[in-house]
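Next come two complexes, and both contain chain A; in the first it sits with chain B, in the second with chain C.
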Partner chain A sequence: MSPAHLEGYLVVGAVLFALGLVGFLTRRNMIIMFLSAEMMLQGVAVNLVAFAHFRGNLGGQVLVLFIVAVAACEAAIALALVLMLFRRRKTLDVSVWQELREPDQEPIEDEGTLEAEEKPEDFQHLTPAGAEPPARKDTEEVSHV
Partner chain B sequence: MFSPEMCLWMIPFLPLLGSVIIVTLGRRMFPDRCHVPCIAGAIGACVCAVVVFVGVISETTPLRFGREIAWIQVGNFSANFSLRADGLTAVMLVMVTFIGSLIAIYSAGYMEVDESYPRFFAAVSAFLFFMTGLVLANNFVLLYACWEGVGLCSYLLIGFWYEKPSAAAAARKAFLVTRLGDIGLFIGILILWHNFGHSLEYDDIFVNVKAQYDAGVLDHNLLYWACICLFIGAAGKSAQFPLHVWLPDAMEGPSPVSALIHAATMVTAGVYLVARCTPLFGLAPDAQLLVACTGGFTALLAALIAVTQTDLKRVLAYSTLSQLGYMFLALGSGVVVGEHKLAGLAVTAAIFHLFTHAFFKALLFLAAGSVMHAMHDVIDMTKFGGLKKVLPITHWTFLCGAAALAGIPLLSGFWSKDEILATTYEAWHVSGGAASGIYCLLFFTALFTAGLTAFYTARAYFMTFHGDEKLPPEAGEHPHDATPIMAWPLMILAVGAVGVGIVLGPTHLFESVLEKKWITAQFAHLASPHSTNLLLMVTSSVVACIGVGIAYWLYVADPSAAASVASRMASIYDLSRSKFYFDEIYELAVVWPMNAFAFICRVVDQYVLDGLVDLFGQVPAVFGYLVRPVQNGLVQFYALLMALGLAGFLLSVLLR
Partner chain C sequence: MISLLLFADGEGVRGFFRENWLVLLPCALGFVAIYLLMPRANRLPALWGGVLAGLALILGGFVLARSQVFSVETILFLAFSGLAIAAGVMMITQSNPVHAALSFAMVVLSVCGLFLLQAAPFLMAATIIIYAGAIVVTFLFVIMLAQQEGPSNADQRSREPFLASLAGCVLLASVWSIVHKTYQPGDVESLLATLTKVAAVKNTDDVKQVLGDPQTMKPTERDLPLVEQLRKHFASLPPDHKTLNDIAAIKLHWAKLDVDNLKASAEAVRKELEPHRNRQGSLGSDTPHPKEKTPVRFEPGKLPAGNVAAIGRTLFTDYLIPVELAATLLLVATIGAIVIAGRRSEELR
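And now, the complex of A and B:
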C-alpha cells in the first residue's frame, strides 16, 4: 500500500472519529451518545487496520480485535445502564442527570428538553415464532385458560 | 530471693505491682477488695525495707543495684536506673513503707463508704512506688522523675473528691506551686551536671566537688547557686516560705492522704534532698544560712497561723509546715567553722526529727480523720467539743500524738526537737560575724516556736476532747469510734509516737546508723563528734510545758479567757486568723497579673493569630470558588473538557 492510499484510510478514520466526537458532545439522547462513542471507536479501528496493512504486520489487527471485544462488553453494560436510567426518569435526555455537580452550582438548563416519547401502552410478550403477537389484555385472558 | 540487693528493687516494684493490679483487674473484678493489693504491696515493701536495713547495717559499703541498666543515653549525657541504699536511704525506706502500710490499712476502714475505692488505692500504691523510688535513686534524673511522680500522686489524691470545686482548686494549686519549685530543682541539676563532671550520679558529683574544693579551684558562686536552686525545689515540695501556700489547702484530700503524703512522707522529700546533698551544702555556707533562715521563718510563721485556726486539719497542716521548717533550720545549721564541723550533727537532727515527726504527725492526722469520720465530715473545732468520752480510742491516740508534737519530755518529739535546738545553738556559738547573730536569732525563734507548738497542739487537743460535750447535728445521736481496722494503726502509731524517741534518741542508735553508714562515707570532712546539752533539754521542756499550761488555762480552766485575750490582741489575732493574708497577697501579686496576661494572650490569639490563620484559609476557598463551575455534573461538559485537554496536549506535542 502506498502512502497516498494510506492517507485516504486515515481521513476516513479521522472523519469517523470527529463525527463521533461531535455527536457525543452535542446529542442529548443517551442511546445516540452511546452510538457516537462507538463511532469514535470505529474511527480508531480503521486507523489501526490501515496502519497494520501499511506496515505489513498484524499488531494493529490484534488491537482492533481487542477494540471489538471491548466494544461488545461496553455495549452490554452501557445499554443496561441506559435502560436503568430510563426507568428512573422515563426519558433518555442526559441533561436530567446533573446531581453530581458541586452543591452550590445551579443546574444547567438547555433550550427545551427532549420530549419523552409516547409512553407505550403495553409491552408485548414474546410470541411463538410466526404467530401474530396478541395484545396484552387478550393474553391475560388467554393465560387463564 | 531475699538477698538485700534483690529487695532493693522489690521495694518500689511491689507497690507498683499492686497499683497495676488494682487499675487493670481490681476495678472490674473485685472493686470492694481493692485495698488488698495495696496493703499487700505496702507490707511486702516494708518487709523488704527491713531486710535492706539489716543489710545496710551489716555491710560495709552501701548496697547498689542496676548501675549498668542504661536508661537515657544522649551524647555525653547518661542516666542509669541505678538504686542505692545507705544509712539515710534505709532509714527513709523503713519509715515510708512502715507508715505507708499502716495508713493503707487504716484507709481500708476509712474509705469504705466511697464509691471510688479502687482509684484511691491505686493512687496510694503508685505514690509508695514513686516515694520509695525517690529515696532509692542514685542519680538526680531518677530522683527528679520520682519527684514529679509523687507530685502527680499528690495531685490525684488531693483532688480525689474532684466533684468538689474546692478540692479541685486545691489540687491545681498544689501542683502548680510545687511545679514552681521543681523548675528550681531542674535548673540546679543542670548546673551540677554542667559544672561538676558531666555526671548525675550522687557520688560522682560529690567527689568532684570535693576534689575541686581541695584543689582550690571550686567556683563557690556556682556551687552557691546550684544549692539555692536545689533548695528552691526542696522548698516547693516541703512547703517552705514563700511556696508554703499549697499545703494547708491540700487538706481537702481524704485524711489518710493528708497523713501519708502531706505530713509523713512526700513533704519530707525536700528535707531528704537537702540532707542527701549535704556534701554540697556543707561547702556553701551562704546557701546554708538561707536554708536555715527560710526554715526558721517558716517554722515561726506557720506556728503563729496555727495558733488561731479552728479547722482541726488545718492546725495540723500548719504544724506540719512548722515542723518541716524546723528540719530545714537544722539542715541549715550544719556549718563548718574551723575545727567545729556541725554537718553530721545537723543532718542527724533533721532526719531524726523527720523520722519521729512522721510517726506522730501521721498519727495526729489519722486521729483527726477518725474524728471527722465520727462527726460526719465536720472538722471545725468550734462545732464540737468534749469528745473524750464519745471517742475513747481516738482521744487516747490523739493525746499521744499531740504530746509528742508538743515536745513533752521523754516523748519522741522532745528528743528530736531538742537535737535541732542543740544544732542551732552550736551553730550560733561556733560561727563568727554576722552569721553568729543570725543563728542566735534563729535559736531563739526556734525556742519560741517550740512554745507556740506546744500551745497550739494543746489548744487543738483541749478544744476537741475537753470541755462540755458538744456534737454537730450532722453527727447524729451516737457517733461511733474508730472501727478495729482503723483503731489498730492508730494504736501502733501511738506506741511509735511515744516510744520511738526514747528508744532511738538517748541511746544514739539512730545517730550511729547514720553516722557509720552514711556520714563517714559521704562527708566525714564535714562532721565531728558532739555531746548532749542537758541545759537545753531542760529549757525546751520548760518552754513546752509553759505552752501547754497556757493552753490549759485558756481553754479548760477558764474558757472565757480565750476570747478576752483574743479581743485584747485583736489586730495580731486577725492577722494570724487570716493566715497573714498570704493567699490574698499572692492572688493580687501573682494570680491577678497572670490572669491579665492570659487575657491579653487570649485576645491576641483570638483576633490576631486566628485572623491570620483564617485569612490563609480563605486563599484556597477563593481559588475553589473560581474553578467550582467546572464541576457542573453534566456528562457532556466533562467529555468536552477531556476532548479539549487532549487536543491541547496533542497540539503541544505537535508544535514542539
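And now, the complex of A and C:
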C-alpha cells in the first residue's frame, strides 16, 4: 500500500467526521444528533483501519473493535435518555430544553420557527341516540328459519 | 504548529491558497451544497444543492485519484467512498428521521466496503452485524416509539446552518491540506524501493535488469531516471556535498557495470534518504517476528487479508485487560439503559 492510497482513506475519514460534526451542530432532532455522532465514529474507524494496513500493525483494527463496543453502549444509554426526555415533553426537539443553559445566556431562537398550532379541544363523543339501525337481511332470514 | 506546517514556504496566506486550491475547491463547493440542503423555512429546491454536492464529490474524487494507478482497487475505493459520503450528506440533510437512519445504514455498509479493501474482513462482518444490524434497528425502534404529530421544528428547521457548515468546511480543508502535504505521492518511497533493489544486486545481470543495460543504450540516452530524480530530491544541498558525489558515482559505476562499487554507493545514498522518509510521515516500521506461529506484526503495507487469527491473538494477549474492561462496560451500559428507560409504570400513575 502506497502513501497515495493512505491519503485517500484519511481524507474519506475526515469527510465523514466533518459531515458528522455539521450534522451534530445544525440538527435539532435528538435522534439525528446521535446518528451524526455515530458517523463521526465511523470516520475515525476508517482512519484507524487505514493506518493498520499502512503500518502492518493490527492495533488499529483492535481499537476499531473497541470503538464498536463503546458505540453499542453509547447507543443503548443515549436512546434510553432520548426516550425519557421524549416522555417528559412529547417532542424530540432539543430547543425545549434550553432552560438548562447558563443563567446569563440568551436563549437561541432559530429563524422561521414554526408556530405551535392551536388545537381544538378534544371532547368525548357519545354515539348519537335515535332510531334503531335496520337489521341486516341475512340475519333476518336466519331468524325466520 | 499547524500554521508552521501550512505556511512553511513563508509565502503567507496567498501562497497557501495557491498551493492548495485543488483541495480547497471541493471543500468550498461542499460547504455551499450542505448549506443549501439544510432544512429551513424557505429552502431552494434540493436539486441545486444536490448538483453542487455531486460536483464537489466528483472534483474531490478526481483530486484523490489523480496520482494513483488506475486499478480495480482505485475504482472500488472511489465507489465505496463516494457512496459513503453521499449517504452521509443525505443523512444530515433529511428532514425525516427514518430516512436519516436508513442513510446511516448505507454509510455503515459503504464504510464496511472500505474495511474490506483495507484487509479487515473480520471488522467488516462485525460492523455490519452490530451497526447495520443492531444499532440502526434500535434507532428505528426509538424513532417509532417517539412519534411526534405533524411537522415539527426539530425536523423542519436547523440551527445556525451557515456557521456550522463553515466550521465543518474549515475543519475538512485544514485536515485535507495537511494530509495532502504530508503524503504527497512521490517519490521518497519509490526512490527508496529502487535504491534497495540496486543495493541488493548480485551480478551484472541483476544490474541490467534493475537499471537497464548501459551497453545497448546510445551514449545520448545514457541518463538514469533514478539519478535524475535523486538529484532533484537533493537539489538543496551544496554542489560538493558527499551525497551528490555518491549519486554521481551510481551513474559512473553503472556505466562500467562495476557491481561492488555500485552497491556501496547505492547503500550510502539510501542511508541519506532514509531520514527524509520519516519526515514524510511514514512512521517507521515495526519489526516482524517471523518465528511466531500466528504472527501479529507485519511489514508496513503487507498486512494479509486473512488476519482473523492474528486479530484474535492480539486481542487476547496484548489487549486482554481492555477486552475485560469492554465487557464490564457493556454490562454496566445494559443495566444503566434498563434503569433509565424502564420507568414507564411510574409515569402513568
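Observations on the model:
Going forward, the second predicted complex is superposed on the first by the 108 of 145 C-alpha atoms of A that agree within 3 Å, B and C clash if a C-alpha of one lies under 4 Å from a C-alpha of the other, contacts with A are read in each partner's own complex, and residues count from 1 in each chain.
By definition in this document, a residue touches a chain if its C-beta (ideal position, glycine included) is under 8 Å from a C-beta of that chain, and two chains touch if they have at least 3 such contacts.
No experiment lies behind these values; they were computed from the predicted model shown.
Touch criterion met: A:92 reaches chain C, while chain B stays clear of it.
Touching more residues of chain A than its counterpart among chain B and chain C is C. Touch criterion met: A:108 reaches chain B and chain C at once.
Shared-chain residue A:55: touches chain C; no touch with chain B.
Applying the stated contact rule after C-alpha superposition, one finds that A:66 touches chain C and leaves chain B untouched.
Contacts of A:81 after superposition: chain C is touched, whereas chain B is not reached. Within the superposed three-chain model, A:44 lies out of touch with both chain B and chain C [touch as defined at top].
Applying the stated contact rule after C-alpha superposition, one finds that A:21 touches each of chain B and chain C. Residues 21, 25-26, 28, 94-95, 108 of chain A touch chain B in one complex and chain C in the other. Residue ranges of chain A in contact with chain B, taken from their complex: 21, 24-26, 28, 33, 94-95, 97-102, 104-105, 107-108. Residues 1-12, 14-23, 25-32, 34-36, 38-39, 42, 45-46, 49-50, 52-59, 61-62, 64-66, 68-77, 79-84, 86-87, 90-95, 108, 110-114, 117 of chain A touch chain C in their complex. Against chain A, in their complex, chain C makes its touches with residues 34, 38, 40-42, 60, 64-65, 67-68, 73, 77, 81, 84-85, 88-89, 91-92, 94, 97, 100-101, 104, 107-108, 111, 114-115, 118-120, 122-123, 126-127, 130-131, 134-135, 138-139, 142-143, 145-146, 148, 150-161, 163-165, 167-169, 171-172, 175-176, 179-180, 183, 185, 189, 280-283, 285-286, 288, 296-303, 307, 310-311, 314-315, 318-319, 322, 326, 329-330, 332-334, 336-337, 340-341, 343-344, 347. On the side of chain B, the complex with chain A involves touching residues 628-629, 631-637, 639-640, 643.
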